[in-house]
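The following blocks contain the structures, represented as structure tokens.
In what follows, chain A forms one complex with chain B and a second complex with chain C.
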Partner chain A sequence: MATTAVTSADIASEAPRSDFGRILAQREHRFAAALLAPAFLALLATTTFPLLFLVYTSAFRMDLAMPFTNGFVGFENYQVLLSDERFWTSLLVSLVYTGSTVALQVIIGLALALLVMDMKRGQGWFRVIAILPVVLSPAVVGMIWRTFMLAPEFGIVDFLAINAGLGSKNWLGDPTLAMVSVIAIHTWQWTPFAFMVLLASLASLPEDIYEAARLDRASAWQRFRRITLPLLRPAIVMVIIMRTMVALTAFAAIFTVTAGGPGTATEILNLYAYRKSFTELSIGYGSALAVALLIVTIIISGILFAMRRAK
Partner chain B sequence: MSGQGQVSFRNIVKMHGEFAALKGVNFDIKPGEFFALLGPSGSGKSTTLRILAGLDAPTAGRVLIDDKDVTSTDARDRDIAMVFQSYALYPHMTVAENIAFPLEMAKLPKSEIAPAVKDAARKVKIDHLLDRKPGQLSGGQQQRCALARAIVRKARLFLLDEPLSNLDAKLRLETRAELKKLQRSLGVTAVYVTHDQEEAMTLADRMAVFMSGEIQQVGTPAEVFARPNSIDIAGFIGNPPMNLVPARYADGDVIIAGHRLKTTITTAGERDVVVGLRPGALRMSEGGLGARVDLIEDLGDTAVLDLDCAGTMIRMRVADGNIPGEGDTISITARPQDVHLFDPATRMRL
Partner chain C sequence: MTAKRLRVIALLAISMVFLLAWAFPIIWSVLNSLKTDSDVLAYPPKLVFAPTWEAYRDVLFGSGSILPNLLSSVIISVGTTIVTMLMAVPAAYALARLRFRGKKFAGFYVLATQMLPPVGIIIPYFLVLRNIGWIDTYQGIILIYLSFSLPFAIWLLVSYFEDIPFEMEEAAYLDGASRLKTLWRIIIPQVRGGIAVTVVFVFLNAWNEFLFAVVLSGNTVRPVTVAMFNFVSVEQTLWAKLAAVSVLAMLPVVVLGVVAQKHIVKGLTVGAVKGGGRR
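Up next is the complex of A and B:
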């Protein structure tokens, strides 16, 4: 063996040290990999595999009502999708729903956070009460709103509308009102999340820079515009990113309140994919719709993350 | 508008619940003066500054600036610039934007802001850092940025809340000297809060010494050093501070450990007193008070001796080349005009 020629001096110098280091590093890597493996495999099995299977399915015609037509179709589902007017409508509904709910959550959440920051007493109670909608299941929230809040004559909202002289409205039957209603429901449930994040962020801003700004003769509005808002920017962008991803894939609340109706007035893309797959049993096309939603979500998140890094 | 910068405090009281942070504070600051508020932590000096700035409202009393009552005027409208102990720089703005902020709020045209910012930055030697964010600056640079932001708008009053306390010792000395020059060259009234008597002594034209919510003495540093009003001030001013020794007064003399020391006071009678002796005013001479040298702290040009005079510890400053050995017994005395007497009951000067 070649090692027999190695002198003791060589052994004492570099060779052992670098070898030892490499062995240690290797061991550490192996140990880390072993720790990671179970979680990694579980994730692969529960998220990556279904996702890939979805993409695979979208390349087939898989119609449970007419199984004899099933077979590989390549990109045909996507070609159909691009000329499917209902797809474009549901995409638009998704974007309107997402844009308006996220904007409302941030604006109302920030306003509430600013208000609560100035409260001398009762902050703790406010937080507890505010967090309640978040812990409810969206399906339950949908049921509550459909029955207690929006039911004609008896619902609280309709009752208030009647007393305000607006008359009883068909909140979930009128296409525009139905859209307004589902946006309001989502905003009602998730604004507390934005509120909590922004309140925590606000509370961490140093007091003294506001005092400095007062002495620098900044008005309350200028202090908000020039100091609070820029310092809250990371938190606001984070809220927007998180809420956008959830709003794009919202399902349960709309499903329980309007089920996408009346007609397709509140049919967001997610709901359309569901209806295609499990009501019309056209699973291949439904998969293509779901993949389209995935792509839309990735693009929008990408843009938001780029915005976050921008400054 | 840049007024004179004359300040008057009239019976200012500040309560925090039951606790009186200020118990009726009165003082006047002349235009252009460098005025220090000196005192230990919790003595009310920072509260006084915040009331002057308009950041806190007094519980009672009036604040006048240029003879106008501003007690209920908001901080925004007082035309005051301030350097905070924490610097309070806007973390999301560059140095240039930080300095420009007060000018933008004053709605100065852009064409005037840029040169003013450059000028202020040059005065405090940070004109090469204008594009940095505060997080990228060292403590000293941040401090200069805060200074530039305060001087840029030429306010009538310039408040500094322990501006040097976060700097290291060497930088503190340098900045101290620059601060004084800067204030002189700007000719602005400056109010300076510090717990460091050396800073107050070197910087201030006059100073107010705070003790537990009250001003105990107002005067030039030299006056306060030469004639401290009370035992508390005597024990606070000077480094090392004055020796305060309980003694007996009898017909113009004080008796310490059986030794008689002449004073300038001539009233007859006997009473208990506290004798104040500056470490630097003590002399070695024959026939004085006997003392054993316990410890020598050699400072290079001078040395501070810890002396044991019949059980009482007395500190003495001696010039280099004149230092006895540890364990030696020496004899010390002081000139009558250097012997300060205080009433042990009222703690005030006699």
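Up next is the complex of A and C:
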């Protein structure tokens, strides 16, 4: 803040008195620069610099466990990556995890928003309870599910499964069930987000179109397909974009529940990059994995943004 | 008529199921935190039991108390909030109200910084902080938290600054007030509400963060989200205590979330690219 004060004082004393409009513009320019400087320096230091350093690190062999083998290797990490089966598996797990959680969130969220929209009483309950999951730390959510919900027998989900005649299951020990579990947990936590956003945009839709449709005797399904869905499309696409970005880099709720296991069954690419870097201490290769994740993120968001622009 | 009534009942049942599904894991943790370990482990699960504060007493005042960890979480969250707001308020004002070259690019840059996966930030930062001895320090963790709290706060604040009428600033300039004075005396009081909401969300995201915390924490700085792991080990899980710690970790964010209820959709969709923290 101190720098801001100094700079604007400087401007006042220095400014030549020729073209009034130009000076005003110039002053505004410098004032803006002074106000933006601290935040942009911080962003450069905490996002742009790490990105450049990450790309640089990915060209090195950097093993904290075996420092004597360290050195510049060029593109070797990326060559290894392309033939690394665990990389391709983790990419697949990422895509399955992201695709299924986002689809579930949007479908359940939309269905509930439509249902609640028609409710005359009790909307308030939904609005309050929907907030609870989304404000919680994914780490805490993961811990609660791992223990009190999914533990064999006394965990509530297992208790319900036993009573439904399915028998006790090893929810986090079986590869398929573990994947189902982490997808369910993410969906549990973030469906309220889709629900709240879609409910808000449903509430803002113009009432008179529906009146006209009713007069034309359009069925409920026709009203949904022909009016609601097209009008809601921007909001739905926005939810898909936001949730996809988050699901791709989900970490805490998988790390606390399965840590990527059993084996690599729930190891999304993000988690693989973490494990490689901080568990196996291969920072160079971990960096290459993180760069790969960034590239995947950019490609997917490019596709989604193109979707948004398309009619 | 009966068909319609049946439909109403069915819809009511569905909504009850979803409300219960969302509330239950939280309610269940609260109940378990008031049980003894043997009550937690009872089969079938006990809804009725003799409540006890024992787990809370143990985790707060017993050996291996989590009070230092709660304090850690508070220092990190409050520190992040203060630093973020000091930088974000002026930046957001400039982006929302001032004319300057490169404004569009500046706005885009703030949005684009959020594309970078957190794991891609922490790998290089771990190396840097290790070199300068900032692992397990508050300044290290608060610095890196700016990477997600700043873009979020800037974009949320921009939306509030844009709502103020231009006339207010013009009137102040005509009265001869300097730009800085105008910002401080006229504009900031107008966006007090928006600033409060932003503070709530920045605090919330910092409190909930896990990935950076787990890499950078040590014996001095260990927020409660990381310290939770003390209660689950390969040998044994301390069930009731884990529940008590979870409830303590949830309490501040649930209170803040309910307080900021009306603003939560705006807070979650800010910039329309990503919510905070992540995560």
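The rule is short, and it goes like this: the second predicted complex is superposed on the first by the 293 of 311 C-alpha atoms of A that agree within 3 Å, B and C clash if a C-alpha of one lies under 4 Å from a C-alpha of the other, contacts with A are read in each partner's own complex, and residues count from 1 in each chain.
The working rule: contacts are C-beta pairs under 8 Å (C-beta built on N, C-alpha and C of every residue); 3 or more make two chains touch, one makes a residue touch a chain.
Here the structure is a predicted model, which means the values were calculated and not measured.
Asks: With chain A superposed, do chain B and chain C clash or fit?
Replies: Result for chain B and chain C: fit.
Asks: Touching A:Trp171, do we find chain B (first), chain C (second), both, or neither?
Replies: neither
Asks: For A:Arg226, decide between first (touching chain B), second (touching chain C), both and neither.
Replies: first
Asks: If we overlay the two complexes on their shared chain A, which of chain B and chain C does A:Tyr285 touch? Say first, second, both or neither.
Replies: After superposition on chain A, A:Tyr285 lies in contact with neither partner.
Asks: Which partner does A:Ile209 contact after superposing on A: first (chain B), second (chain C), both, neither?
Replies: A:Ile209: touches chain B, not chain C.
Asks: Using the superposition described at the top, determine whether chain B or chain C touches more residues of chain A.
Replies: Of the two chains, more chain A residues are contacted by C.
Asks: Between chain B (first) and chain C (second), which does A:Arg217 come into contact with in this model arrangement: first, second, both, or neither?
Replies: first
Asks: Answer with first, second, both or neither: which of chain B and chain C does A:Val246 touch in the superposed model?
Replies: second
Asks: For A:Phe87, select first, second, both or neither according to whether it touches chain B, chain C, the two together, or no partner.
Replies: Touch status of A:Phe87: no partner.
Asks: Once both structures are aligned on chain A, how many angstrom separate the closest C-alpha atoms of chain B and chain C?
Replies: 11
Asks: Please output the residues of chain A touching chain B within their complex, sorted ascending.
Replies: Per the stated touch rule, the residues are 206, 208-209, 211-219, 222, 226-227, 230-231, 233.
Asks: Over in the complex, which chain B residues touch chain A? Could you list them?
Replies: 53-55, 74-78, 80-82, 84, 86, 88-92, 101-102, 105-106, 149, 153
Asks: Quick check on the complex: what are the chain A residues that touch chain C?
Replies: Per the touch definition, chain A meets chain C at residues 1, 4-5, 8, 12, 25, 27-29, 31-36, 38-40, 42-43, 45-51, 53-54, 57, 112, 115-116, 118-119, 122, 125-141, 143-149, 153-154, 156, 159, 188, 192-193, 196-197, 200, 238, 241-242, 245-246, 248-252, 255-256, 270, 273-274, 277-278, 283, 286-287, 290-291, 293-294, 297-298, 301.
Asks: Given the complex with chain A, which residues does chain C contribute to the contact?
Replies: 11, 14-15, 18-19, 21-26, 28-29, 32, 40-45, 86-88, 90-91, 93-95, 98-101, 103, 106, 109-110, 113-121, 123-128, 143-144, 146-147, 150-151, 154, 178-180, 204, 207-211, 214-215, 225-226, 228-229, 232, 237, 239, 242-243, 246, 249-250, 253-254, 256-258, 261, 264-265, 268-269, 272-275, 278-279
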